[in-house]
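Working notes, beginning with the structure itself.
Every chain is named by a letter (A, B, C and D) in the order it is written, and numbering of its residues begins at 1.
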C-alpha cells in the first residue's frame, strides 16, 4: 500500500540530471536520447519542480562529475564508468558536469561531489535531508537502473520512504528502464508517474 | 573482459549468510529454500572458504541483524524489511542473527552491525578491506537481487573490482535470481560461478 | 546560551563504556582507574540511565572492539590504538569488549561494530538517531579527549546539538580530561554535569 | 617513533584553505590574520606543494562551503558554525568558498562538498586516497583545533598514518593552536614542521 505523502517530511532528489545526459550537446546525450524523447523528461522534471516550489518542498540536484583523470573510478573502470571515461564525459568544472541548463535550480540546493552511483556515498545528502526532518523522498533523474536505483537502495536502507518517478527517469534502453521499474524498484520504493505525484502534491493538505 | 585475479589484493565478502536464511530452523529459511537446494549453497560457500584459506585470502562474513524493535528500518518498513520484521527474524543476539552454524568462520572476520541492504553502510567493511590493500572482492551470500546487489553497487562505486558468485547466492525465486545475475550484476561486477573461481584461485600464482 | 532540552528529540549516547575500561578485571582499567574513582562514573551513568528510562529517552551504548589481529587499526598502530593492541585488549567476543556488567542495558540499544574513535564512523548510529527524530544528544563515556571528543565533533558536523557530560567521562589523566572539557568540548558541545542534566530531564515537560 | 615516509603511499591533504580564511578580502581573514602572518602560511603551503609536485605526490584541497541558508549546520548553529553563518561566509559559488587564489591548484584535485569539520564526512576523500593506495597523509590548513583535528581524528580511526603540519596551519589564537598541536595532535598524528617535512620529501628515495 502506497503511504500518504506528508508534505512536511518530503524532499525531491534528482540525480545525474547533467547537461552531459540531458542537453543535445552533451557527450552522453546520444546514449539516452531514445528515452529522453526530445526533452520530454526535462519537461516533466520542470513540472515537478514548479509544483514543489508552490508547496515549499526542498529540492536537491546531484549532478555526477569526476576529476580529469577519473581516479575516483579505481584502477580499471568497467561498466558505465568505462563508458563515461572513454567518452571523456562529466569532468569537473566543465559544462557537461553541471545540471542541465534547461532545468531551473535557482531556488534549490545543488550538491557537488557525487562521483559514485549512489548519491549518498560521497556527499552530505543524508545530513541535508535529516536536518530538514525529511523522511520521504521523491526520486528521479538518470539512469533508472544505475544511479537512481543505487540511490534508492541506500535511501531504503537508511529508513526513508521513497517515491520513484517512473517517467522522470531514463536508462540506456526502454527494456533496461522497464526491467528496473518493474522488477527492482518495487522492492525499495513506491514507483509512481510524475503526473500522479504532482496531482497528489497539489491536493496534499492544500486546502487543509 | 574479465580481469585477472590478483591474490594479494583479493578478499571474500559473504553477506547475510545467517542461520535465519540458511539453516533449516531459520525463520526465513522457507523463503529461500527452493533456491538454496538443501544446503548446496552452503556447500559451495565452504568449498570457496577452504580454497581461500589455502591461499590466505581474507574472508569477511557480514550477517544481517536488527534491534528488537526494528527501528533501523525507519517508521514504516516496506519490502524485504517488512517481511523480516513481520517474521520477527534476525533479532540481534539471537541464533538466527548469527552466521549459519554450517559455515566455518574460525579463521575469518565476522563483522557485526550490518542492518541495511548494503554491507558497507553501517560497518567498517571499507576500512577492513582498504587497510589490507584489497582492490578485488569475491562477493556471495543472500539475496542476489537485494543485499548482494546493493553491496556490489557500492563496491563498484568505491572503485573495487567485484567478482560476483552466480551459484553461491540465492533470491526468493529462481526468476528473481536470474534477472539480477543477467540484467543487473554485469553492470557492476564480473559474474562467475564458484567452481570456475575456485579453479582460478588454485592456479593463480600457485607455483610462482 | 545552552539550548533547552527537547525530550522528544533527545537521545543518550555512551561510548566505550566497556568492561575493559570500567570493570576492575579489565585490561585497560588501570589506565583510567585514577579518574573513574572506584566506580563513581558507573554510578553516575546508572543515575542518568534510570532518569532516561523514566522519560523514555532512547539510550545507545557503543562499546569499542577489534578483531583479534587489530587489522582495523591499519598497518602501524600508534597512539591509543597501539596501547590497546599492546594490551591485547578489546578483542571481539571477549568479556572486555562488552558493555561493563555494572551498567544495566536491558532496555537500551547496544550497537556493535565501533572500531574507531568516532562512534558514527563504522556503525549505524546516525540512522538509529535520525529515524527516531533525534536532534539532541547527551554524550558520555570514555575517553574524554579521544572517543568522546571524536564522536562529539562528528555529531556537531552533522548538525546535532550535543550535551557533553563533564563528570560521566574520563581520560588517562585529570589534566587531559580537563583540557578536553575546557578547551575543546565548548567548541562542539554544551558541557554539563550529570546531576544538572538529570535535574533538567526531570523537569522538562514533566508535568505538561 | 616517527615512521618513514613512503613516497608511493603518500598524499597531501589541505583543508579549509579558502579565500575566506587566507585572502585579505576574505570574511574570516580578520579572525586568523594574527596567526597567518601576512601570508606566511600560504607561502609554506606553496613550498610544500612545489616539493610534492616534484615527487608526484597527489595533492587534495578541500575548501569548506555551505548552502546559502546554512542548512547543513542543523537547526541551531553554535560554535564555529555560528561564527561562519553570522559572517555570511563560505557560501557555495562565491569567491570566498574557493581555494585561496594565492595557492596554485593547477595539478591537484580540488574536492567540493566539504560542509562539516571533518574532510571525510561529506566527500569522496577516502576513496580518492584509497584508490591511489595512499596510507600516509600530510595534513595542513585551517583551523588547527577544529577542521584539521577533526579530519586527523577520522584519518587516524581509518588506519592512515598522519603527518600534521605544525606551521602550515592556524587557529583563532596562538594559544588555541599550541594547545591542539601539543596536547591533541600527538594522540592522532606525527606533528612536524613543513621545512623538516619538505627536506624529508626531497631525500626520500630521491637517489634510489
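Operating definition for what follows: a contact is a pair of C-beta atoms (placed from the backbone, for glycine too) under 8 Å apart; a residue touches a chain by one contact, two chains touch by 3 or more.
What you are looking at is a predicted structure, and each value in this text was computed from that prediction instead of being measured.
Both subunit A and subunit B are touched by C, D.
Note on connectivity: the fewest steps through touching chains from subunit A to subunit D is 1.
For this pair, subunit A with subunit C, the centres built from the Cα atoms lie 38 Å apart.
Separating the CA-averaged centres of subunit C and subunit D is a span of 28 Å.
With centres defined as mean CA coordinates, subunit C is found 32 Å away from subunit B. Contact with two or more other chains is made by residues 72-75, 116, 121, 127, 131, 158-159 of subunit C. Looking at the complex, you find that subunit A touches subunit C at residues 126-127, 130-131, 133, 158-159. Put simply, subunit B touches subunit C in their complex at residues 67, 71-75, 92, 109-113, 115-116, 121-124, 127-128, 131-132.
On subunit C, the positions that touch subunit D within their shared complex are 3, 72-76, 78-81, 116-118, 121, 135, 145-146, 149-150, 153-154, 156-161, 176, 179, 183-184, 186-188, 190.
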